[in-house]
Amino acid sequence: MSLDSPKPRAVLPIRVYYEDTDTGGVVYYANYLRFFERARTEWLRSLGVDQRELAVREQVMFVVKEANVAYQRPARLDDQIDIHTRVTNISAASIVFEQSARCQAELLVSGQIKVCVVHAATFKPTRLSLSLRTLLEEARK
Amino acid sequence: MSLDSPKPRAVLPIRVYYEDTDTGGVVYYANYLRFFERARTEWLRSLGVDQRELAVREQVMFVVKEANVAYQRPARLDDQIDIHTRVTNISAASIVFEQSARCQAELLVSGQIKVCVVHAATFKPTRLSLSLRTLLEEARK
Amino acid sequence: MSLDSPKPRAVLPIRVYYEDTDTGGVVYYANYLRFFERARTEWLRSLGVDQRELAVREQVMFVVKEANVAYQRPARLDDQIDIHTRVTNISAASIVFEQSARCQAELLVSGQIKVCVVHAATFKPTRLSLSLRTLLEEARK
Amino acid sequence: MSLDSPKPRAVLPIRVYYEDTDTGGVVYYANYLRFFERARTEWLRSLGVDQRELAVREQVMFVVKEANVAYQRPARLDDQIDIHTRVTNISAASIVFEQSARCQAELLVSGQIKVCVVHAATFKPTRLSLSLRTLLEEARK
(Lines give C-alpha, C1' and ligand atoms only; values in the text may rest on other atoms or scores of the structure.)
Protein backbone atom coordinates (compact mmCIF):
# COMPACT_ATOMS: atom_id res chain seq x y z
CA MET A 1 0.00 0.00 0.00
CA SER A 2 1.45 3.33 -0.96
CA LEU A 3 2.04 5.74 1.88
CA ASP A 4 -0.59 8.19 0.72
CA SER A 5 -3.53 5.83 0.18
CA PRO A 6 -6.62 7.22 1.81
CA LYS A 7 -7.73 5.37 4.92
CA PRO A 8 -11.37 4.41 5.25
CA ARG A 9 -13.44 5.80 8.09
CA ALA A 10 -13.93 2.75 10.26
CA VAL A 11 -16.16 4.21 12.99
CA LEU A 12 -19.18 6.52 12.68
CA PRO A 13 -20.72 7.90 15.88
CA ILE A 14 -24.51 8.16 15.85
CA ARG A 15 -26.81 9.68 18.44
CA VAL A 16 -30.20 7.99 19.01
CA TYR A 17 -33.13 10.40 18.56
CA TYR A 18 -36.89 9.99 19.09
CA GLU A 19 -37.34 9.19 15.38
CA ASP A 20 -35.15 6.09 15.79
CA THR A 21 -37.07 4.56 18.68
CA ASP A 22 -40.38 2.74 18.97
CA THR A 23 -43.00 2.26 21.67
CA GLY A 24 -40.99 -0.66 23.05
CA GLY A 25 -38.57 1.97 24.36
CA VAL A 26 -35.71 0.91 22.08
CA VAL A 27 -34.33 1.58 18.61
CA TYR A 28 -36.65 0.04 15.99
CA TYR A 29 -34.96 -2.97 14.39
CA ALA A 30 -35.08 -1.73 10.78
CA ASN A 31 -33.25 1.46 11.75
CA TYR A 32 -29.93 -0.31 12.23
CA LEU A 33 -29.96 -0.85 8.47
CA ARG A 34 -30.18 2.94 8.14
CA PHE A 35 -27.27 3.39 10.53
CA PHE A 36 -25.25 0.78 8.65
CA GLU A 37 -25.91 2.55 5.37
CA ARG A 38 -24.83 5.90 6.78
CA ALA A 39 -21.60 4.26 7.92
CA ARG A 40 -20.95 2.57 4.56
CA THR A 41 -21.53 5.92 2.85
CA GLU A 42 -19.02 7.66 5.11
CA TRP A 43 -16.59 4.77 4.69
CA LEU A 44 -16.80 5.22 0.90
CA ARG A 45 -16.70 9.02 1.14
CA SER A 46 -13.52 8.87 3.22
CA LEU A 47 -11.93 7.03 0.27
CA GLY A 48 -13.07 9.73 -2.11
CA VAL A 49 -16.04 7.79 -3.50
CA ASP A 50 -19.05 10.08 -4.05
CA GLN A 51 -22.20 8.04 -4.71
CA ARG A 52 -24.18 10.88 -6.25
CA GLU A 53 -21.39 11.52 -8.70
CA LEU A 54 -21.12 7.79 -9.48
CA ALA A 55 -24.83 7.72 -10.29
CA VAL A 56 -24.68 10.80 -12.52
CA ARG A 57 -21.31 10.36 -14.21
CA GLU A 58 -20.85 6.60 -14.41
CA GLN A 59 -24.51 5.60 -14.20
CA VAL A 60 -23.77 3.05 -11.50
CA MET A 61 -25.27 2.58 -8.06
CA PHE A 62 -24.57 0.36 -5.11
CA VAL A 63 -27.52 -1.79 -4.07
CA VAL A 64 -27.82 -4.17 -1.15
CA LYS A 65 -28.27 -7.81 -2.19
CA GLU A 66 -28.13 -9.44 1.23
CA ALA A 67 -28.40 -8.23 4.79
CA ASN A 68 -27.84 -10.65 7.66
CA VAL A 69 -28.33 -8.98 11.01
CA ALA A 70 -28.11 -10.28 14.59
CA TYR A 71 -29.59 -8.26 17.45
CA GLN A 72 -27.92 -8.68 20.85
CA ARG A 73 -28.94 -5.73 22.99
CA PRO A 74 -31.18 -2.73 22.45
CA ALA A 75 -30.11 0.90 22.18
CA ARG A 76 -32.31 3.59 23.72
CA LEU A 77 -33.11 7.30 23.36
CA ASP A 78 -30.07 9.58 23.69
CA ASP A 79 -27.60 6.69 23.52
CA GLN A 80 -24.40 7.52 21.72
CA ILE A 81 -23.54 4.52 19.59
CA ASP A 82 -20.70 3.74 17.20
CA ILE A 83 -21.08 1.99 13.88
CA HIS A 84 -17.98 -0.04 12.97
CA THR A 85 -17.42 -0.87 9.32
CA ARG A 86 -14.88 -2.98 7.47
CA VAL A 87 -14.78 -4.81 4.16
CA THR A 88 -14.25 -8.56 4.27
CA ASN A 89 -14.64 -9.52 0.63
CA ILE A 90 -14.41 -7.87 -2.78
CA SER A 91 -15.26 -9.58 -6.05
CA ALA A 92 -15.78 -8.39 -9.60
CA ALA A 93 -19.30 -7.18 -8.89
CA SER A 94 -19.82 -7.16 -5.14
CA ILE A 95 -18.47 -6.01 -1.79
CA VAL A 96 -19.16 -7.60 1.59
CA PHE A 97 -19.17 -5.35 4.66
CA GLU A 98 -18.97 -6.47 8.27
CA GLN A 99 -20.69 -3.90 10.42
CA SER A 100 -21.67 -3.54 14.04
CA ALA A 101 -23.39 -1.10 16.37
CA ARG A 102 -21.71 -0.70 19.75
CA CYS A 103 -22.47 1.37 22.80
CA GLN A 104 -19.20 2.01 24.59
CA ALA A 105 -17.56 -1.41 24.37
CA GLU A 106 -20.78 -3.39 24.27
CA LEU A 107 -21.97 -5.09 21.09
CA LEU A 108 -25.58 -4.24 20.27
CA VAL A 109 -26.10 -5.39 16.69
CA SER A 110 -23.87 -7.03 14.10
CA GLY A 111 -24.46 -7.40 10.39
CA GLN A 112 -22.99 -8.71 7.20
CA ILE A 113 -24.11 -6.68 4.21
CA LYS A 114 -23.46 -7.69 0.61
CA VAL A 115 -23.58 -4.82 -1.84
CA CYS A 116 -23.58 -5.09 -5.64
CA VAL A 117 -23.06 -2.59 -8.39
CA VAL A 118 -25.91 -2.01 -10.86
CA HIS A 119 -26.70 0.33 -13.73
CA ALA A 120 -28.55 3.29 -12.27
CA ALA A 121 -31.39 3.19 -14.79
CA THR A 122 -31.94 -0.53 -15.39
CA PHE A 123 -30.77 -2.00 -12.05
CA LYS A 124 -28.96 -4.67 -14.08
CA PRO A 125 -25.79 -5.95 -12.38
CA THR A 126 -22.50 -4.60 -13.65
CA ARG A 127 -18.86 -4.76 -12.58
CA LEU A 128 -16.83 -2.52 -10.34
CA SER A 129 -14.56 -0.27 -12.39
CA LEU A 130 -10.91 -1.22 -12.09
CA SER A 131 -10.04 2.05 -10.34
CA LEU A 132 -12.81 1.57 -7.79
CA ARG A 133 -11.85 -2.05 -7.18
CA THR A 134 -8.20 -1.13 -6.69
CA LEU A 135 -9.18 1.60 -4.26
CA LEU A 136 -11.33 -0.81 -2.23
CA GLU A 137 -8.65 -3.52 -2.25
CA GLU A 138 -6.14 -1.02 -0.87
CA ALA A 139 -8.57 0.12 1.80
CA ARG A 140 -9.10 -3.43 2.99
CA LYS A 141 -5.42 -4.02 3.70
CA MET B 1 -71.18 17.69 -11.63
CA SER B 2 -71.93 15.15 -14.30
CA LEU B 3 -73.35 11.88 -13.11
CA ASP B 4 -70.32 9.88 -14.06
CA SER B 5 -67.59 12.01 -12.52
CA PRO B 6 -65.31 9.95 -10.34
CA LYS B 7 -65.67 10.61 -6.62
CA PRO B 8 -62.52 11.15 -4.59
CA ARG B 9 -61.68 8.79 -1.76
CA ALA B 10 -62.31 10.94 1.28
CA VAL B 11 -61.27 8.51 4.05
CA LEU B 12 -58.22 6.25 4.24
CA PRO B 13 -58.01 3.78 7.16
CA ILE B 14 -54.51 3.31 8.58
CA ARG B 15 -53.32 0.86 11.22
CA VAL B 16 -50.58 2.06 13.61
CA TYR B 17 -47.55 -0.28 13.63
CA TYR B 18 -44.35 -0.31 15.71
CA GLU B 19 -42.51 1.60 12.96
CA ASP B 20 -44.90 4.55 13.43
CA THR B 21 -44.40 4.95 17.18
CA ASP B 22 -41.61 6.35 19.33
CA THR B 23 -40.33 5.74 22.83
CA GLY B 24 -42.91 8.21 24.18
CA GLY B 25 -45.46 5.47 23.47
CA VAL B 26 -47.25 7.37 20.71
CA VAL B 27 -47.08 7.97 16.96
CA TYR B 28 -44.01 10.10 16.13
CA TYR B 29 -45.13 13.58 15.06
CA ALA B 30 -43.49 13.54 11.61
CA ASN B 31 -45.34 10.36 10.68
CA TYR B 32 -48.69 12.10 10.35
CA LEU B 33 -47.20 13.81 7.30
CA ARG B 34 -46.61 10.32 5.89
CA PHE B 35 -50.18 9.31 6.63
CA PHE B 36 -51.46 12.53 5.05
CA GLU B 37 -49.42 11.88 1.92
CA ARG B 38 -50.74 8.32 1.63
CA ALA B 39 -54.27 9.73 1.85
CA ARG B 40 -53.64 12.46 -0.76
CA THR B 41 -52.19 9.81 -3.05
CA GLU B 42 -55.26 7.61 -2.69
CA TRP B 43 -57.52 10.65 -3.09
CA LEU B 44 -55.78 11.42 -6.41
CA ARG B 45 -55.69 7.78 -7.47
CA SER B 46 -59.44 7.45 -6.90
CA LEU B 47 -59.86 10.25 -9.47
CA GLY B 48 -57.67 8.38 -11.91
CA VAL B 49 -54.53 10.48 -11.30
CA ASP B 50 -51.41 8.28 -11.31
CA GLN B 51 -48.42 10.19 -9.95
CA ARG B 52 -45.78 7.88 -11.40
CA GLU B 53 -47.32 8.26 -14.84
CA LEU B 54 -47.51 12.04 -14.41
CA ALA B 55 -43.79 12.10 -13.59
CA VAL B 56 -42.82 9.93 -16.54
CA ARG B 57 -45.25 11.12 -19.21
CA GLU B 58 -45.87 14.76 -18.37
CA GLN B 59 -42.66 15.38 -16.40
CA VAL B 60 -44.62 16.97 -13.56
CA MET B 61 -44.65 16.20 -9.87
CA PHE B 62 -46.62 17.41 -6.90
CA VAL B 63 -44.48 18.89 -4.15
CA VAL B 64 -45.55 20.20 -0.76
CA LYS B 65 -44.98 23.95 -0.30
CA GLU B 66 -46.59 24.38 3.11
CA ALA B 67 -47.67 22.07 5.89
CA ASN B 68 -49.48 23.46 8.91
CA VAL B 69 -50.26 20.77 11.43
CA ALA B 70 -51.99 20.88 14.85
CA TYR B 71 -51.62 17.95 17.23
CA GLN B 72 -54.56 17.37 19.63
CA ARG B 73 -54.26 13.82 20.92
CA PRO B 74 -51.78 11.01 20.39
CA ALA B 75 -52.42 7.74 18.57
CA ARG B 76 -50.83 4.55 19.91
CA LEU B 77 -49.70 1.13 18.72
CA ASP B 78 -52.46 -0.93 17.07
CA ASP B 79 -54.85 2.02 16.86
CA GLN B 80 -57.00 2.03 13.78
CA ILE B 81 -57.16 5.61 12.56
CA ASP B 82 -58.84 7.31 9.62
CA ILE B 83 -57.29 10.01 7.50
CA HIS B 84 -59.88 12.42 6.14
CA THR B 85 -59.00 14.42 3.04
CA ARG B 86 -60.72 17.18 1.12
CA VAL B 87 -59.64 19.97 -1.18
CA THR B 88 -60.42 23.51 -0.11
CA ASN B 89 -58.69 25.57 -2.75
CA ILE B 90 -57.43 25.13 -6.31
CA SER B 91 -55.46 27.73 -8.23
CA ALA B 92 -53.47 27.70 -11.45
CA ALA B 93 -50.47 26.08 -9.85
CA SER B 94 -51.49 24.83 -6.40
CA ILE B 95 -53.99 22.76 -4.43
CA VAL B 96 -54.81 23.14 -0.75
CA PHE B 97 -55.85 20.02 1.15
CA GLU B 98 -57.55 19.94 4.56
CA GLN B 99 -56.66 16.69 6.26
CA SER B 100 -57.19 15.12 9.65
CA ALA B 101 -56.38 11.96 11.54
CA ARG B 102 -59.24 10.61 13.64
CA CYS B 103 -59.64 7.62 15.91
CA GLN B 104 -63.29 6.67 15.94
CA ALA B 105 -64.93 10.08 16.16
CA GLU B 106 -62.08 11.77 18.02
CA LEU B 107 -59.86 14.31 16.31
CA LEU B 108 -56.16 13.51 16.78
CA VAL B 109 -54.33 15.72 14.29
CA SER B 110 -55.44 18.25 11.69
CA GLY B 111 -53.44 19.76 8.87
CA GLN B 112 -53.59 22.12 5.95
CA ILE B 113 -51.24 21.08 3.18
CA LYS B 114 -50.48 23.25 0.17
CA VAL B 115 -49.20 21.32 -2.82
CA CYS B 116 -47.71 22.78 -6.01
CA VAL B 117 -46.89 21.36 -9.39
CA VAL B 118 -43.27 21.40 -10.54
CA HIS B 119 -41.24 20.06 -13.45
CA ALA B 120 -39.89 16.66 -12.40
CA ALA B 121 -36.30 17.40 -13.39
CA THR B 122 -35.84 21.06 -12.50
CA PHE B 123 -38.34 21.44 -9.64
CA LYS B 124 -39.39 24.74 -11.26
CA PRO B 125 -43.05 25.61 -10.63
CA THR B 126 -45.44 24.98 -13.47
CA ARG B 127 -49.22 25.03 -13.95
CA LEU B 128 -51.82 22.33 -13.55
CA SER B 129 -52.90 21.02 -16.94
CA LEU B 130 -56.44 22.09 -17.84
CA SER B 131 -57.70 18.51 -17.73
CA LEU B 132 -56.23 17.94 -14.28
CA ARG B 133 -57.59 21.22 -12.98
CA THR B 134 -61.07 20.45 -14.31
CA LEU B 135 -60.96 17.03 -12.70
CA LEU B 136 -59.97 18.49 -9.33
CA GLU B 137 -62.60 21.25 -9.54
CA GLU B 138 -65.26 18.61 -10.16
CA ALA B 139 -64.02 16.51 -7.27
CA ARG B 140 -64.22 19.43 -4.90
CA LYS B 141 -67.93 20.07 -5.57
CA MET C 1 -56.33 -29.08 13.85
CA SER C 2 -59.74 -28.50 15.30
CA LEU C 3 -62.32 -27.13 12.92
CA ASP C 4 -62.62 -23.82 14.64
CA SER C 5 -58.95 -22.92 14.98
CA PRO C 6 -58.31 -19.45 13.66
CA LYS C 7 -56.33 -19.33 10.45
CA PRO C 8 -53.39 -16.96 10.20
CA ARG C 9 -53.40 -14.19 7.64
CA ALA C 10 -50.79 -15.37 5.18
CA VAL C 11 -50.78 -12.44 2.73
CA LEU C 12 -50.78 -8.71 3.45
CA PRO C 13 -51.13 -6.32 0.47
CA ILE C 14 -49.05 -3.14 0.73
CA ARG C 15 -49.01 -0.13 -1.56
CA VAL C 16 -45.66 1.62 -2.12
CA TYR C 17 -45.81 5.35 -1.29
CA TYR C 18 -43.26 8.15 -1.66
CA GLU C 19 -42.15 7.65 1.97
CA ASP C 20 -41.02 4.11 1.11
CA THR C 21 -38.79 5.04 -1.81
CA ASP C 22 -35.36 6.64 -2.11
CA THR C 23 -33.56 8.72 -4.70
CA GLY C 24 -32.48 5.53 -6.48
CA GLY C 25 -36.11 5.29 -7.63
CA VAL C 26 -36.88 2.14 -5.63
CA VAL C 27 -38.05 1.07 -2.18
CA TYR C 28 -35.29 1.74 0.39
CA TYR C 29 -33.81 -1.56 1.57
CA ALA C 30 -34.55 -1.10 5.28
CA ASN C 31 -38.24 -0.58 4.56
CA TYR C 32 -38.85 -4.23 3.71
CA LEU C 33 -38.21 -4.92 7.40
CA ARG C 34 -41.08 -2.53 8.14
CA PHE C 35 -43.31 -4.33 5.66
CA PHE C 36 -42.34 -7.69 7.15
CA GLU C 37 -43.18 -6.46 10.63
CA ARG C 38 -46.58 -5.18 9.53
CA ALA C 39 -47.26 -8.61 8.04
CA ARG C 40 -46.13 -10.48 11.18
CA THR C 41 -48.36 -8.21 13.26
CA GLU C 42 -51.39 -8.95 11.06
CA TRP C 43 -50.51 -12.65 11.05
CA LEU C 44 -50.55 -12.60 14.88
CA ARG C 45 -53.64 -10.41 15.04
CA SER C 46 -55.54 -12.82 12.79
CA LEU C 47 -54.86 -15.48 15.43
CA GLY C 48 -56.21 -13.21 18.14
CA VAL C 49 -52.80 -12.13 19.47
CA ASP C 50 -52.81 -8.44 20.41
CA GLN C 51 -49.26 -7.21 21.01
CA ARG C 52 -50.25 -4.10 22.95
CA GLU C 53 -52.32 -6.22 25.31
CA LEU C 54 -49.46 -8.72 25.68
CA ALA C 55 -47.13 -5.88 26.68
CA VAL C 56 -49.56 -4.41 29.20
CA ARG C 57 -51.13 -7.54 30.66
CA GLU C 58 -48.42 -10.17 30.45
CA GLN C 59 -45.42 -7.82 30.32
CA VAL C 60 -43.99 -9.64 27.33
CA MET C 61 -42.91 -8.35 23.94
CA PHE C 62 -41.70 -9.92 20.74
CA VAL C 63 -38.27 -8.72 19.63
CA VAL C 64 -36.34 -9.59 16.51
CA LYS C 65 -33.10 -11.51 17.18
CA GLU C 66 -32.07 -12.23 13.60
CA ALA C 67 -33.06 -10.92 10.20
CA ASN C 68 -31.61 -12.50 7.06
CA VAL C 69 -32.84 -10.76 3.95
CA ALA C 70 -32.11 -11.34 0.25
CA TYR C 71 -32.99 -8.67 -2.29
CA GLN C 72 -33.84 -9.91 -5.82
CA ARG C 73 -35.68 -7.11 -7.57
CA PRO C 74 -36.69 -3.59 -6.61
CA ALA C 75 -40.23 -2.32 -6.02
CA ARG C 76 -41.13 1.19 -7.17
CA LEU C 77 -43.57 3.98 -6.37
CA ASP C 78 -47.25 2.94 -6.63
CA ASP C 79 -46.41 -0.76 -6.89
CA GLN C 80 -48.91 -3.01 -5.18
CA ILE C 81 -46.92 -5.70 -3.42
CA ASP C 82 -47.88 -8.67 -1.28
CA ILE C 83 -46.09 -9.75 1.86
CA HIS C 84 -46.28 -13.52 2.39
CA THR C 85 -45.76 -14.84 5.90
CA ARG C 86 -45.50 -18.31 7.39
CA VAL C 87 -43.93 -19.84 10.48
CA THR C 88 -41.27 -22.46 9.94
CA ASN C 89 -40.07 -23.11 13.47
CA ILE C 90 -41.34 -22.67 17.02
CA SER C 91 -39.29 -23.34 20.13
CA ALA C 92 -39.74 -22.58 23.81
CA ALA C 93 -38.65 -18.99 23.42
CA SER C 94 -38.54 -18.18 19.73
CA ILE C 95 -40.45 -18.22 16.45
CA VAL C 96 -38.94 -18.26 12.96
CA PHE C 97 -40.89 -16.59 10.17
CA GLU C 98 -40.30 -17.04 6.44
CA GLN C 99 -41.45 -13.91 4.67
CA SER C 100 -41.33 -12.55 1.15
CA ALA C 101 -42.37 -9.49 -0.81
CA ARG C 102 -43.88 -10.23 -4.21
CA CYS C 103 -45.23 -8.09 -6.99
CA GLN C 104 -47.80 -10.11 -8.88
CA ALA C 105 -46.06 -13.49 -9.07
CA GLU C 106 -42.53 -12.11 -9.04
CA LEU C 107 -40.29 -12.49 -6.00
CA LEU C 108 -38.75 -9.19 -4.90
CA VAL C 109 -37.33 -9.83 -1.45
CA SER C 110 -37.22 -12.85 0.85
CA GLY C 111 -36.38 -13.00 4.51
CA GLN C 112 -36.04 -15.26 7.48
CA ILE C 113 -36.84 -13.48 10.72
CA LYS C 114 -36.23 -14.98 14.16
CA VAL C 115 -38.32 -13.45 16.89
CA CYS C 116 -37.92 -13.99 20.64
CA VAL C 117 -40.08 -13.22 23.62
CA VAL C 118 -38.70 -10.86 26.27
CA HIS C 119 -39.94 -9.16 29.42
CA ALA C 120 -41.25 -5.75 28.36
CA ALA C 121 -39.34 -3.81 31.03
CA THR C 122 -36.02 -5.65 31.25
CA PHE C 123 -35.73 -7.10 27.71
CA LYS C 124 -34.58 -10.36 29.36
CA PRO C 125 -35.54 -13.46 27.36
CA THR C 126 -38.52 -15.40 28.59
CA ARG C 127 -40.65 -18.30 27.31
CA LEU C 128 -43.76 -18.36 25.22
CA SER C 129 -46.81 -19.04 27.38
CA LEU C 130 -48.27 -22.49 26.77
CA SER C 131 -51.48 -21.07 25.35
CA LEU C 132 -49.57 -18.87 22.91
CA ARG C 133 -47.30 -21.71 21.87
CA THR C 134 -50.24 -24.02 21.29
CA LEU C 135 -51.96 -21.38 19.21
CA LEU C 136 -48.86 -20.88 17.07
CA GLU C 137 -48.31 -24.63 16.66
CA GLU C 138 -51.87 -25.00 15.41
CA ALA C 139 -51.45 -22.10 13.02
CA ARG C 140 -48.36 -23.64 11.50
CA LYS C 141 -50.12 -26.86 10.56
CA MET D 1 -27.19 36.83 31.84
CA SER D 2 -24.53 35.54 34.13
CA LEU D 3 -21.15 34.92 32.57
CA ASP D 4 -21.34 31.19 33.03
CA SER D 5 -24.79 30.52 31.58
CA PRO D 6 -24.60 27.74 29.05
CA LYS D 7 -25.13 28.83 25.46
CA PRO D 8 -27.56 26.87 23.32
CA ARG D 9 -26.33 25.08 20.22
CA ALA D 10 -27.83 27.17 17.45
CA VAL D 11 -26.67 25.20 14.40
CA LEU D 12 -26.69 21.43 13.81
CA PRO D 13 -25.02 20.11 10.65
CA ILE D 14 -26.80 17.17 9.00
CA ARG D 15 -25.70 15.06 6.06
CA VAL D 16 -28.43 13.81 3.67
CA TYR D 17 -28.38 10.01 3.25
CA TYR D 18 -30.39 7.66 1.02
CA GLU D 19 -32.86 7.04 3.85
CA ASP D 20 -33.81 10.74 3.81
CA THR D 21 -34.61 10.97 0.11
CA ASP D 22 -37.51 9.79 -2.04
CA THR D 23 -37.98 8.77 -5.65
CA GLY D 24 -38.48 12.43 -6.59
CA GLY D 25 -34.73 12.77 -6.03
CA VAL D 26 -35.03 15.05 -3.00
CA VAL D 27 -35.41 14.88 0.78
CA TYR D 28 -38.91 13.61 1.65
CA TYR D 29 -40.96 16.44 3.15
CA ALA D 30 -41.73 14.76 6.48
CA ASN D 31 -38.04 14.24 7.17
CA TYR D 32 -37.41 17.92 7.85
CA LEU D 33 -39.50 17.42 10.99
CA ARG D 34 -37.01 14.73 12.00
CA PHE D 35 -34.10 17.07 11.33
CA PHE D 36 -35.82 19.85 13.30
CA GLU D 37 -36.36 17.50 16.25
CA ARG D 38 -32.70 16.42 16.23
CA ALA D 39 -31.73 20.09 16.35
CA ARG D 40 -34.14 20.94 19.19
CA THR D 41 -32.79 17.96 21.12
CA GLU D 42 -29.18 19.15 20.69
CA TRP D 43 -30.25 22.72 21.52
CA LEU D 44 -31.72 21.45 24.80
CA ARG D 45 -28.82 19.09 25.47
CA SER D 46 -26.33 21.96 25.07
CA LEU D 47 -28.19 23.68 27.93
CA GLY D 48 -27.88 20.59 30.07
CA VAL D 49 -31.47 19.38 29.50
CA ASP D 50 -31.58 15.59 29.12
CA GLN D 51 -34.97 14.46 27.82
CA ARG D 52 -34.65 10.84 28.90
CA GLU D 53 -33.83 11.95 32.44
CA LEU D 54 -36.76 14.39 32.40
CA ALA D 55 -39.08 11.55 31.41
CA VAL D 56 -37.78 9.18 34.08
CA ARG D 57 -37.13 11.56 36.98
CA GLU D 58 -39.72 14.29 36.54
CA GLN D 59 -42.22 12.32 34.48
CA VAL D 60 -42.49 15.09 31.92
CA MET D 61 -42.05 15.03 28.16
CA PHE D 62 -41.99 17.63 25.43
CA VAL D 63 -44.60 17.09 22.73
CA VAL D 64 -45.18 19.07 19.56
CA LYS D 65 -48.53 20.87 19.46
CA GLU D 66 -48.10 22.77 16.20
CA ALA D 67 -45.74 22.55 13.27
CA ASN D 68 -45.93 25.15 10.50
CA VAL D 69 -43.45 24.43 7.76
CA ALA D 70 -42.68 26.22 4.47
CA TYR D 71 -40.68 24.45 1.77
CA GLN D 72 -38.58 26.69 -0.52
CA ARG D 73 -35.99 24.48 -2.19
CA PRO D 74 -35.19 20.78 -2.08
CA ALA D 75 -32.11 19.16 -0.57
CA ARG D 76 -30.58 16.14 -2.31
CA LEU D 77 -28.47 13.08 -1.54
CA ASP D 78 -25.09 13.90 0.04
CA ASP D 79 -25.99 17.54 0.67
CA GLN D 80 -24.55 18.94 3.86
CA ILE D 81 -27.26 21.06 5.44
CA ASP D 82 -27.45 23.10 8.61
CA ILE D 83 -30.43 23.25 10.92
CA HIS D 84 -30.73 26.63 12.66
CA THR D 85 -32.70 26.77 15.90
CA ARG D 86 -33.76 29.59 18.17
CA VAL D 87 -36.53 30.13 20.70
CA THR D 88 -38.94 32.97 20.04
CA ASN D 89 -41.48 32.54 22.80
CA ILE D 90 -41.69 30.88 26.20
CA SER D 91 -44.85 30.66 28.28
CA ALA D 92 -45.85 28.73 31.39
CA ALA D 93 -46.44 25.55 29.45
CA SER D 94 -45.02 25.96 25.96
CA ILE D 95 -41.98 26.94 23.92
CA VAL D 96 -41.98 28.21 20.35
CA PHE D 97 -38.96 27.40 18.19
CA GLU D 98 -38.05 29.05 14.90
CA GLN D 99 -36.08 26.59 12.81
CA SER D 100 -34.68 26.44 9.32
CA ALA D 101 -32.74 24.11 7.06
CA ARG D 102 -30.06 25.81 4.98
CA CYS D 103 -27.57 24.59 2.44
CA GLN D 104 -24.61 26.94 2.50
CA ALA D 105 -26.36 30.31 2.71
CA GLU D 106 -29.51 29.23 0.90
CA LEU D 107 -32.79 28.76 2.74
CA LEU D 108 -34.40 25.39 2.01
CA VAL D 109 -37.13 24.98 4.61
CA SER D 110 -38.34 27.10 7.51
CA GLY D 111 -40.59 26.12 10.36
CA GLN D 112 -42.24 27.33 13.51
CA ILE D 113 -42.68 24.54 16.04
CA LYS D 114 -44.71 24.90 19.22
CA VAL D 115 -43.77 22.42 21.91
CA CYS D 116 -45.69 21.78 25.16
CA VAL D 117 -44.84 19.94 28.32
CA VAL D 118 -46.99 16.95 29.30
CA HIS D 119 -46.99 14.24 31.96
CA ALA D 120 -45.13 11.27 30.48
CA ALA D 121 -47.82 8.73 31.36
CA THR D 122 -51.07 10.61 30.82
CA PHE D 123 -50.02 13.13 28.15
CA LYS D 124 -51.95 15.77 30.15
CA PRO D 125 -50.48 19.27 29.81
CA THR D 126 -48.40 20.52 32.70
CA ARG D 127 -46.14 23.52 33.36
CA LEU D 128 -42.45 24.02 32.83
CA SER D 129 -40.57 23.76 36.10
CA LEU D 130 -39.25 27.12 37.30
CA SER D 131 -35.65 26.00 36.89
CA LEU D 132 -36.26 24.85 33.33
CA ARG D 133 -38.13 28.02 32.45
CA THR D 134 -35.35 30.19 33.87
CA LEU D 135 -32.78 28.24 31.92
CA LEU D 136 -34.72 28.67 28.66
CA GLU D 137 -35.31 32.38 29.30
CA GLU D 138 -31.58 32.88 29.79
CA ALA D 139 -30.81 30.93 26.63
CA ARG D 140 -33.12 33.10 24.57
CA LYS D 141 -31.35 36.34 25.52
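Just so it is clear, A, B, C and D label the chains in written order, and each chain counts residues from 1 on its own.
To be clear about the criterion, a residue touches a chain if its C-beta (ideal position, glycine included) is under 8 Å from a C-beta of that chain, and two chains touch if they have at least 3 such contacts.
Here the structure is a predicted model, which is why all the values come from computation and not from measurement.
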Please identify each chain that touches chain A as well as chain D. B, C
Where the centre means the average of the CA atoms, what chain is farthest from chain D? C
Comparison of C-D and A-C (more C-beta pairs in contact): A-C
Between chain B and chain C, tell me the centre distance in angstrom, where each centre is the average of that chain's C-alpha atoms. 28
Can you give the whole-Å distance between the Cα centres of chain A and chain C? 25
Indicate the whole-number Å distance between the mean C-alpha point of chain C and the mean C-alpha point of chain D. 34
Would you please write down the residue numbers of chain A that are in contact with two or more other chains? 18-19, 24, 26, 30, 34, 37, 76-77
Chain C residues touching chain B - in the complex, by the definition given at the top: 15, 17-19, 34, 37-38, 41, 50-52, 76-78
Which of the residues in chain A end up touching chain C in this complex? 24, 26, 29-31, 33-34, 37, 55, 61, 63-71, 73-74, 120, 123
If you look only at chain C, which of its residues touch chain D in the complex? 18-19, 21-26, 28, 30, 76-77
